[in-house]
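As written, the chains take the letters A, B, C and D, and residue 1 is the first residue of each chain.
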Amino acid sequence: MSKKDIINRLRRVEGQVRGLQKMIEEERTCSDILTQLSAVSGALQKIGELTMKEYTKGCIMEYEQNHNEDLLNDLIETISKFKKI
Amino acid sequence: MSKKDIINRLRRVEGQVRGLQKMIEEERTCSDILTQLSAVSGALQKIGELTMKEYTKGCIMEYEQNHNEDLLNDLIETISKFKKI
Amino acid sequence: MSKKDIINRLRRVEGQVRGLQKMIEEERTCSDILTQLSAVSGALQKIGELTMKEYTKGCIMEYEQNHNEDLLNDLIETISKFKKI
Amino acid sequence: MSKKDIINRLRRVEGQVRGLQKMIEEERTCSDILTQLSAVSGALQKIGELTMKEYTKGCIMEYEQNHNEDLLNDLIETISKFKKI
């Protein structure tokens, strides 16, 4: 995972969230606000996917070194956590 | 929907997203990052719920005035859009 | 909502779930099983959407008759329940 | 993953889906139907989680044998597929 890529994605999300505040101030329609909320949610999903990808690779590499069963359990647990994003 | 309440919620989300950027900079674990992403996602869900609530009430009130079938279809469509947040 | 349409959809889902049992018996790959689970989940989502559509129309029609605020609150609550399907 | 456990869970889901057909026949409320749909969806989620757990362990074990990078990519892809259940 390129730190720079993720940080840029998060900056865009931050901008979208500020945009949402402006939309509320301007009393934009609920439909427009829900559309924007979906966009922010989708962007966070993508960041979660990239993070999960990195995490999974890390777990497997580490498991290879030390065969610590806990790593597998952590990975399983994290996959379930990821599902809820 | 209190504009002020929603804007405050969005400000908190904005802070959480900045916090995520800091976590990436500090190379916090993927697990910590996914936990924070879940928190942000949950906060957006809540904002979506409040928006949806307001929208639904508005649709019903307006429908009562003009019995425009389009309002019902818009509401149905928006409920599906809301599901995807 | 055509009762017949929904029941046919549910029959198809029932068949898909039996298919999943067969896949487990035959020790098909987890990847194949997850693909089939996604298909079943998608079919249930669609049934939920059709049910929600019907429900929403019913609420609005009834509200028009008696202006019972509870109907609005039930609708809001049901929209949130629908989101979790 | 105990095949027997998963098959029993799928049999229960099959029963729930038949129950839903009966609910439609009996013209139960949309709210009751959505509640039942949520229950079925939750049961499928759990089956997906158990399948994913098994799959992940399998991938890691196999990766250890042959260090085939494709296994990692398949796992990442399957995690994303799992998210959509």
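Convention: contacts are C-beta pairs under 8 Å (C-beta built on N, C-alpha and C of every residue); 3 or more make two chains touch, one makes a residue touch a chain.
Composition by chain, UniProt nomenclature: A, B, C, D = Copper-sensing transcriptional repressor CsoR.
This structure is a prediction, so every number in the text was calculated from the model and none was measured.
When the partners of chain B are compared with those of chain C, no chain appears in both lists. The distance from the centre of chain A to the centre of chain C, with each centre set as the mean of the Cα atoms, comes to 27 Å. If you average the CA atoms of chain A and of chain B, the two centres end up 16 Å from each other.
Remark: chain A and chain D have CA centroids separated by 23 Å (rounded to whole angstrom).
Residue numbers of chain C whose C-beta contacts span two or more other chains: 52, 82.
If the chains shown are joined wherever they touch, the resulting network closes on itself as one ring, and no chain has more or fewer than two partners.
Across the complex, chain C is touched by residues 3, 6-7, 10-11, 13-14, 17-18, 20-21, 24-25, 27, 29-31, 33-35, 37-38, 40-41, 44, 47-48, 51-52, 54-55, 58, 74, 78, 81-82, 84-85 of chain D.
Chain contact summary for the complex, chain D toward chain A: residues 49, 52-53, 56-57, 59-60, 63-64, 72, 75-76, 79-80, 82-83.
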